[in-house]
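Consider the two complexes below, in which chain A is the common component and chain B and chain C are the respective partners.
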Partner chain A sequence: MVIALGFEGSANKLGIGVIKNGKVLSNCRRTYITPPGEGFLPKETAQHHRENVLIVLKEALEESQVKPEDIDVICYTKGPGMGAPLATVAVVARTVARLWNKPILGVNHCIGHIEMGRLITGANNPTVLYVSGGNTQVIAYARKKYRIFGETIDIAVGNCLDRFARVIKISNDPSPGYNIEQLAKKGSKLVQLPYCVKGMDVSFSGILSFMEEKTEQLLKEGYTPEDLCFSLQETIFAMLIETTERALAHCNSNEVLIVGGVGCNLRLQEMMGIMCNERNARLFATDERFCIDNGIMIAHAGAEMFAAGVRTKWQDSFITQRYRTDEVETVWRTD
Partner chain B sequence: MKNFELIKQGAEAKLYQGTYLGKPAIAKQRFAKKYRHPSLDSSLTKERITAENRALIRCKIAGIRTPAVYAVNLAENTIYMEHVLHSKTAKDLIEDYSRSNDHSRLQEFFYHIGKTVGKLHENNIIHGDLTSSNILVVSKHNPQTLENCNPSDLIIVPIDFGLSRIQSSAEDKGVDLYVLERALISTHSLAEESFEHFLSGYQAQYTNGSKEVLHKYDEIKLRGRKRVLIGI
Partner chain C sequence: MSEELFKIFISEIQIPFESKKCAEVAYDVLRVDKEPKRSEVSKQLGVRDNVLTAHFSGKLARQLRVSVNGFFEKLDLVVGTIDLLGRPVSEKYDHY
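Let's look at the complex of A and B:
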């Protein structure tokens, strides 16, 4: 029986959660929201996390009704992510681990998403599409590792959406992607955009440049912001589904799991659902509580690792901005 | 498509088997992807049929064994091509070698794949989606059997050129190699240690351009490592 406390703060979300044997006891979060037209920068994001981390920690403990002495392991996001926010949260995790005399465990952020997705949906051995502001990967499990079949060769899909939101100055509250999704529902005219799939890899930077350059002109030509949001979503999601399908075919897999912040986009889920139906595959997706960065996923992945005997030495409890999904040996998976 | 029988449904196309003017043929019909916006879908489909044809024909001219194109029906989004009989995918063959722990044959096979890809690139054909499922092998001597074939007795037949381009840039060729390397490593347990043999085959074939491509390829691999995070 493992009770784990998880800290996440690799980007603009600060999340802390408590899990006990796969049961979510608390999952608390704060998001650093910037004004329209602006993105979040490391320094200010770290400051946001510093200001909120103790409040959220208290909230998570109270909600879970777990006392510090009952906790078995303190888990934190080791990477990948933005340096300053990661470090801010890791310092707090280390402090409470010392304070309460508990072991500490550094968790790969992407692995957290995958394991949480599997726990919530019950997917057994899915091909994973991991889409967020910082990551875009098509992942399949083989031989004790989550292997990256395809990924973006430049910017992440969420980054492309966020930056387009800045171009047309739509609100970052609750998130730029959510607001694009709402506008896209009212769009109907499709603008032809670059479509860039290379094998199982995708590229978004060309689409973003195109949007940055052409938006003003397209608006003058009579396209509405809604049409542009619609066109952007239709194009980039089609690229993601295509590469996921290719990985699915290549691995003979019949399960798809979508994780990461962009994964709660219902249009993306709908498109993936259509593809899965055509292939008799099953789609697994979660909602914003677990798709968007959260502390509970770090706690859960950490608990799995802890139960399998993984330990992080005190001197290794650092953070790293670059930490690939396929660097982690999945000792907790027995298949 | 009279008397054609469905044999396989891939991600983008259905494959039917039949005869075309008395020859064993495959009809590859690209179907609409319902998740895609119809106008995006039809332009992509047309683009890919054209690309596939162009590449298959260019391969023939270059002397690379590929299925011969018999006919194209753009209205039906179908290409009629030669049915490559008694073939096996490179994926299955690699797994056979891996199962029997036959490292030397595996390495030799990788060398030959390297030569074929080198030849594609020598002719400025970028495949765009190189994986071990998109490469077939047939026997040179005894067309009926592939059992216990040595890699040197095999002919390597690249297929599925839907994402291909005709392009002379080292960048695109480098990406092609990188896509293949990753597909191989994520599919086959012994691929990582054998990939250098692929590269030496590639260099042996593509003498006048591989140096530049491999330089680019090293650059692209490095790019790959970095792309873990965010560009704010």
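Let's look at the complex of A and C:
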């Protein structure tokens, strides 16, 4: 039985949560939202986290109703992510661990997403599509590691969407991707965009450049912003489905799990569902509470690791901007 | 060669806490993060009774300022967390 407190702050979401044996006791979050046309930068994002982290911590502890003495381990995101925001949240996690005399555990952000997805959906051994503002990976489990079968060779799919949202100046509230999804529902005319699948890998920077250069002209030609959102989504999601399908066939798997912030896009889930149906596979996805970065996924992955005997030495409780999914040995998985 | 090349900027900071235990918490939390290589600033932390001491030195005032600012931002969070949760529950930390 493990009760874990988890801290997440690798990008513009700040999340803190408490989990007890896979049961969510609290899952609190604040998002740093920038004005239309602007993205979030490390310095300002870290400032947002500094201003909010103690408020969210108080909220998460009160909501969970756990006593400090009952908590077994303090978990924080070790990476990957933006340095300053990660470090800000890690400082508070360390202070809590030191004050309460609890072990501290650094968790890989991607592993957090995967383990939370498995917990919530009940997927056993899925092929995972991990899509967010900073990451795009097709992952499958084999011999004690989550192995990356394919990934982006430049920018993440969510980054492509976020930056396109800046081009057409749509709101970043609640998130640029959500607003693109809503506009895309009203789009119908498909613009031919570059389609960039390279083996198992994908590339989005060329598509983004194309949109940045052509948007003004396309709007003059009679395409609406809705059409552009629709075309962008259809194209980049098709690329993701193609590579996921190939990984699925290769691994002889019959489960697909979508995690990460872009994973709550219903059109992506719908397209993946069609592919899964054709292959007699099951699709698993979660909603925004667990898809979008949160503290509870760090607490849950950390609790699994802790129960399996993983420990972080105090002097190793720093953060690292680069930390690949396949660097972590999954000692908590028995298969 | 001008003397400018050998000039070193130094900042000595002393932060008193209400107790030695609290100063040690701040010291333990802050000593984990190393200065980034490119900052070229050296940072030495210590505890003397209830006082957290920090010694920064670097060749450029700008780099020194960035390091010292970063130190205060983190220190502020540590102090805020202690204010929120109260004093350390034990004399020693058992999980090094």
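In this text, the second predicted complex is superposed on the first by the 335 of 335 C-alpha atoms of A that agree within 3 Å, B and C clash if a C-alpha of one lies under 4 Å from a C-alpha of the other, contacts with A are read in each partner's own complex, and residues count from 1 in each chain.
Operating definition for what follows: contacts are C-beta pairs under 8 Å (C-beta built on N, C-alpha and C of every residue); 3 or more make two chains touch, one makes a residue touch a chain.
Just so it is clear, the model here is predicted, and its values are computed rather than measured.
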_Just to be sure I read the superposition right, which of the two partners does A:315 touch: chain B = first, chain C = second, or both, or neither?_
second
*asked:* Which partner chains sit in contact with A:206 here, chain B, chain C, both or neither? Use first/second/both/neither.
replied: neither
_Output check: A:154 vs chain B and chain C. Expected answer is one of first, second, both, neither. What do you get?_
first
*Of the two partner chains, chain B (first) and chain C (second), which one does A:53 touch, if any: first, second, both, or neither?*
second
*asked:* Just checking: does A:96 make contact with chain B only, chain C only, both, or neither of them? Give me first, second, both or neither.
replied: second
*Is A:40 in contact with chain B, with chain C, with both, or with neither (first, second, both, neither)?*
first
*What is the contact status of A:198 with respect to chain B (first) and chain C (second): first, second, both, or neither?*
first
*Do chain B and chain C touch any of the same residues on chain A, and if so, which?*
none
_Partner chain A, residues of chain B touching it in the complex_ = 10-11, 33-37, 39-40, 43-44, 128-131, 133, 163, 175, 179, 182-183, 185-187, 189, 223-232
*Show which residues of chain A lie in contact with chain B when the two form their complex.*
11, 39-42, 79-82, 133-135, 140, 142-143, 147-149, 151-156, 159, 190, 192, 195, 197-201, 234-235, 238, 241-242, 245-246, 248-251, 270-272, 274-275, 278, 321-324
*Flag every residue of chain A that touches chain C in the complex, lowest number first.*
50, 53-54, 57-58, 68, 87-88, 91-92, 94-104, 311, 313-315, 317-318
*Enumerate the contact residues on chain C facing chain A in the complex.*
25, 28-30, 32-34, 73-74, 76-78, 80-82, 84-90, 92-96
